[in-house]
Amino acid sequence: MASHYVVRSVERAGPEIIAALGEAGVATVHEAAGRVGLLGPAIRPRQAGAVVAGSAITVSCHPGDNLMIHAAVEVCAPGDILVVTTTSPSTDGMFGELLATSLMARGVAGLISDAGVRDIAALREMGFPVWSRAVHAQGTVKASPGSVNVPVVAAGQLVGPGDIIVADDDGVVALPIALGAPVAEAAAKRTAAEADKRAQLASGTLGVDMYNLRPLLAELGVEYVDRLP
Amino acid sequence: MASHYVVRSVERAGPEIIAALGEAGVATVHEAAGRVGLLGPAIRPRQAGAVVAGSAITVSCHPGDNLMIHAAVEVCAPGDILVVTTTSPSTDGMFGELLATSLMARGVAGLISDAGVRDIAALREMGFPVWSRAVHAQGTVKASPGSVNVPVVAAGQLVGPGDIIVADDDGVVALPIALGAPVAEAAAKRTAAEADKRAQLASGTLGVDMYNLRPLLAELGVEYVDRLP
Amino acid sequence: MASHYVVRSVERAGPEIIAALGEAGVATVHEAAGRVGLLGPAIRPRQAGAVVAGSAITVSCHPGDNLMIHAAVEVCAPGDILVVTTTSPSTDGMFGELLATSLMARGVAGLISDAGVRDIAALREMGFPVWSRAVHAQGTVKASPGSVNVPVVAAGQLVGPGDIIVADDDGVVALPIALGAPVAEAAAKRTAAEADKRAQLASGTLGVDMYNLRPLLAELGVEYVDRLP
Amino acid sequence: MASHYVVRSVERAGPEIIAALGEAGVATVHEAAGRVGLLGPAIRPRQAGAVVAGSAITVSCHPGDNLMIHAAVEVCAPGDILVVTTTSPSTDGMFGELLATSLMARGVAGLISDAGVRDIAALREMGFPVWSRAVHAQGTVKASPGSVNVPVVAAGQLVGPGDIIVADDDGVVALPIALGAPVAEAAAKRTAAEADKRAQLASGTLGVDMYNLRPLLAELGVEYVDRLP
Amino acid sequence: MASHYVVRSVERAGPEIIAALGEAGVATVHEAAGRVGLLGPAIRPRQAGAVVAGSAITVSCHPGDNLMIHAAVEVCAPGDILVVTTTSPSTDGMFGELLATSLMARGVAGLISDAGVRDIAALREMGFPVWSRAVHAQGTVKASPGSVNVPVVAAGQLVGPGDIIVADDDGVVALPIALGAPVAEAAAKRTAAEADKRAQLASGTLGVDMYNLRPLLAELGVEYVDRLP
Amino acid sequence: MASHYVVRSVERAGPEIIAALGEAGVATVHEAAGRVGLLGPAIRPRQAGAVVAGSAITVSCHPGDNLMIHAAVEVCAPGDILVVTTTSPSTDGMFGELLATSLMARGVAGLISDAGVRDIAALREMGFPVWSRAVHAQGTVKASPGSVNVPVVAAGQLVGPGDIIVADDDGVVALPIALGAPVAEAAAKRTAAEADKRAQLASGTLGVDMYNLRPLLAELGVEYVDRLP
């Protein structure tokens, strides 16, 4: 009943939007977007300090089978980010050094996987950043159909083909293209506002004063006491 | 029925006791204390090599709400350690760069959180050490009451306001003030004894001999054989 | 009914076989062996970049009791790797700096533990590599019998005494001695073949062409389309 | 940036299609649909033997806040099934006896929740079936905005408003309306075919013969031996 | 350093208070108390339909060691509830048919365990209700010291000796004695109020009207639309 | 490198030994055997009250592939118990009503699975007992080789072909044939002794007296006090 497709055409956000969101970082983008789009904390960075932003090429694989990752490489453009999912839970090592080599040859910026990766030392040495649910050397086969560039779910978050992906040490966020420009603008404002807030807090101003939280605390019935009654 | 308090006064252990326990480290303090006070392994360091010791300022928050962390900043003294918990399980990113800036401005030494943190790259760059259950960019609100400096449970361990916290790469331990001096003394003895044991073991002495375990092994019926029967 | 043994004699693979497998690394050895022997992803490296290979000295402990690790030290030879398991699930810190000192004095190459380790900062500084299920300072006793060099299960994988262990950033694999030579040979061939594949992929050849996957994709009914129907 | 909506109009599948899929059950529907639409195993039935099928009314809530469940009741029609999700992981008891009473008054057939439920004894007594990630009495607030009848993700599966939900002791499956008729037809054929297969297997025919698997086993190199070599 | 005690005297709440709280049930008591005292969802009922209320006799055991449960029996009075914890995480089967027989002989009303139980079929047949983190037949020893009637942490919740325990299909709640009377009163009011609310909701009144939530939804910016924009 | 086998011949324990162990039950068998052989608590009964004992027919499958379960049916004898494992972690529903029908036609007594099962309502109705890691409707393929009657690991426990399996509400235990007779004898003695102990405890004798634990408690430094110091 279900059919399997490799969708060749993907609409992408403009490079300056993507770059702006990458500079803002995951936490700021997630906030600026109204707290949507965040992948769950089970997908972790597998290196420290990497930050990437790009357009999602989505892959839906049978668990334990990386055939469709190979099929996806061809439709990747420079700067894209591969988002790999499986149709049932799996930690198998579907991705490693050879696939990373192939993706780097096409200019792909990174990998997000809801399953496992391997050759992690080589990936770090090559400078190919990955975010994954597991590190596991378990080998996979190339035998079952799946799809490329269909909507997928990664770590509880819907990701569509062409969605703007930002990933850093805090995790991964995915935004529909239409949100790219307004969120980039909101993120820039937020970053500017945070610089001011940071300066105030660094100089000793308290958050309860800066955010005017004392009336709220009083209204909520929080009592200040010297000793617990 | 339940009331919410910000308790301003906290009894603290003496700085030389705290410093001595910090030098001993988590594993030694936990042993010297008779194996009490250890937080569970779900709370992990989010940087490598940091060691902190200080007095606990405890915070009990509604999940997904960091209002009470802001309320807690004011009652922190230099060298204190903030211990944040939620009233039901949550991995939301309740703490990030701005709160860390505020805490550093007050001289707070670190954060222990039974929930999530974010801006982890900035926190590492700032040198503000955190131990947390999760890294997650998920934003939080400032809307629900909670308490500061009441007894809380973090990773299965009761932590009281003023408890001496030691945290390093092995995790986190919390001690009531009254245990501070005797444990510091016991820890120093233990560290000295360990230096001697380390020297013996480094020179090739076996633990079974150094601890005189051969009679125990015999008594327990452990047989030495050349091949498995 | 069950008896407890320390088995003194362990058959070991030849050092050149072990060295060859260590150079190949976990993922390649696991593949060359026909995808057998891999420990589950719950056992993680506790340092970055370490690679070890050696003969397994297996230990079966009561949970929360490291007596049998002490008993095992004596039967270790230089280059061996200690594989510690517990008879029911435990995250207690059964292994730390003193035991590592003792093992290094005997030339042991590393530790694999299906439970917890502690003194992790010291272990990293000493250069003693460990792979474990948890980092936890929780102390243990020396009171219950167990066995050394009997078959054990670590992270869902059977490990026999003398099995060849390879561990790196990807995890841990265990091979019966009899598989050592043929797997080393197969691994060398695989490594050579991968160099060629890597060169092809780096030059832009696609995996779907290099592995001739297009006919398979067609046979499986995967359709190439410009837009999702 | 993100906006919050209560979408009043939902397209629904025809009642005879829904009834047919309910009779087929989760496993058969999932198979007949080509193995798509299944929610992950973390969402479990909280009673034994219940089977429901209906149109999804989806709810996206702030964690720990059930305001939007109240907003959703109004847009439910008889036979609908409420699908509740939270924007970050939560086990709080967002749903209990009172909400079930309200839903039963509107003829709602059941609840699927990616968070917690409570009053579970009362729910069983009332005969209101629920599938949830957790049972937890933890109370929630009514304070944060969310949406009704937008696409949501439950246990890793995308669920759209109006999707056909089937839930039984095996779990939960969600199908787009367009798949309803063809899957119902395929499921009926499958059920008929299974009756025949069941009869053959019950009479002693082996699956390896009925499915003609012996040539495949031979081709895959599986050897039949009397003793392990 | 740490000492081990069996504390013989326990203050208990009055039987009518305990009975009233038991009739109210876990969810209502937790709400009436201001949403405090709830044990986490990892501790589950191991039978259906049981409801107990009583005074906590707390036990802190070494993991894998049930010595202190035996020591605790003597200090139990009729109607008490045993609350068993371990000093590090364990799923071992510390409690089974024999201990249940002993407790029933003393009139103990039930067991709450943060570890494992076994003989579960016999426990159900005997009518001795248990709530536990695991069911596991793993045997334990009687070898390590611990304490009876000291404050303990079970599933993330602090429980003191004499705390009023209520346990049912929703889980377990623990209340300090001082909260018993006011919470019982508040629970009775809440139950009465809920009867009225239930009647309104059963007659078709919507929660959004009964709780007057429409102004809040409007204020929060939730828009009612016919189709998603 | 690895080869795949279906091993036709399996040595089995005598039926009276198997029956005796089944009557003793999991907890008693595990104790009588010296606390060995127990599968971990992640494998749970999927019905209440079932007790089975039989000889293990072991199956090692590729995850998401039940081909080898079909191959295993043929080598099952009446009274056998199928023990299914996968070569990497999986919760897919590898087993359901049709396979149960086939196994019942051969007189197989039950299934132990380290992965998922489905059609759980039908399995309960048929009276075919299963113990599994998950209930999940996720379909599987018949495409990858594996083995029947080789040693496997299920929930952390090694299980060999022909091992005596006992499964009940407490979980699953596996014993080598050679342990069958002595363990059956020890179990019978244990059951008799337990009857006596049960009678003592039911009459009010305390475990601390019956097991003579007071001297041990004193030796371990456990102090009896009226109030916590």
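Letters A, B, C, D, E and F mark the chains as written, and numbering starts fresh at 1 in each.
Following the convention adopted for this analysis, contacts are C-beta pairs under 8 Å (C-beta built on N, C-alpha and C of every residue); 3 or more make two chains touch, one makes a residue touch a chain.
Everything quoted here is computed from the prediction, not taken from an experiment.
> Which chains lie in contact with each of chain D and chain F?
Where chain D and chain F share a partner, that partner set is A, E.
> Starting at chain C, how many touch steps does it take at minimum to reach chain D?
The least step count works out to 2.
> Call it same or different for chain A and chain B: same when shared residue numbers make up over half of all numbers used at their interface.
Result for this pair: different.
> In terms of C-beta pairs in contact, which of C-E and B-C ranks higher?
B-C
> With chain centres defined as C-alpha means, what is the inter-centre distance between chain A and chain D in Å?
Here chain A and chain D have centroids separated by 27 Å.
> So what's the Cα centroid distance for chain B and chain F, whole Å?
For chain B versus chain F, the centre distance works out to 40 Å.
> Provide the C-alpha centroid distance between chain D and chain E, rounded to the nearest whole angstrom.
So the centroids are 30 Å from each other.
> Got the chain B residues that touch at least 2 other chains?
3, 35, 38, 40-41, 87-89, 91, 136, 138, 143-144
> Report the complete set of touching chain pairs.
A-B, A-C, A-D, A-F, B-C, B-D, B-E, C-E, C-F, D-E, D-F, E-F
> Going by the contact rule at the top, pick out the chain A residues touching chain F in the complex.
Contacts found on chain A: 62-64, 87-92, 136, 138, 141, 143-144.
> Touching residues of chain A toward chain D in the complex: what are they?
1-3, 32-36, 38, 40-41, 87-89, 151, 153, 156-158, 179, 182-183, 186
> In their complex, what parts of chain A are in touch with chain B?
Going by the criterion above, the answer is residues 25-27, 30-31, 35, 38, 40-41, 44, 48-49, 51, 168-171, 173, 194, 197-198, 201-204, 206-208, 211, 213, 216-217, 220-229.
> Note which residues of chain B are touching chain A in the complex, please.
Spelled out, the residues of chain B in touch with chain A are 3-9, 67-68, 70-71, 73-74, 91, 93, 96-99, 101-102, 104-106, 116, 118-121, 124, 134-139, 142-147, 149-150.
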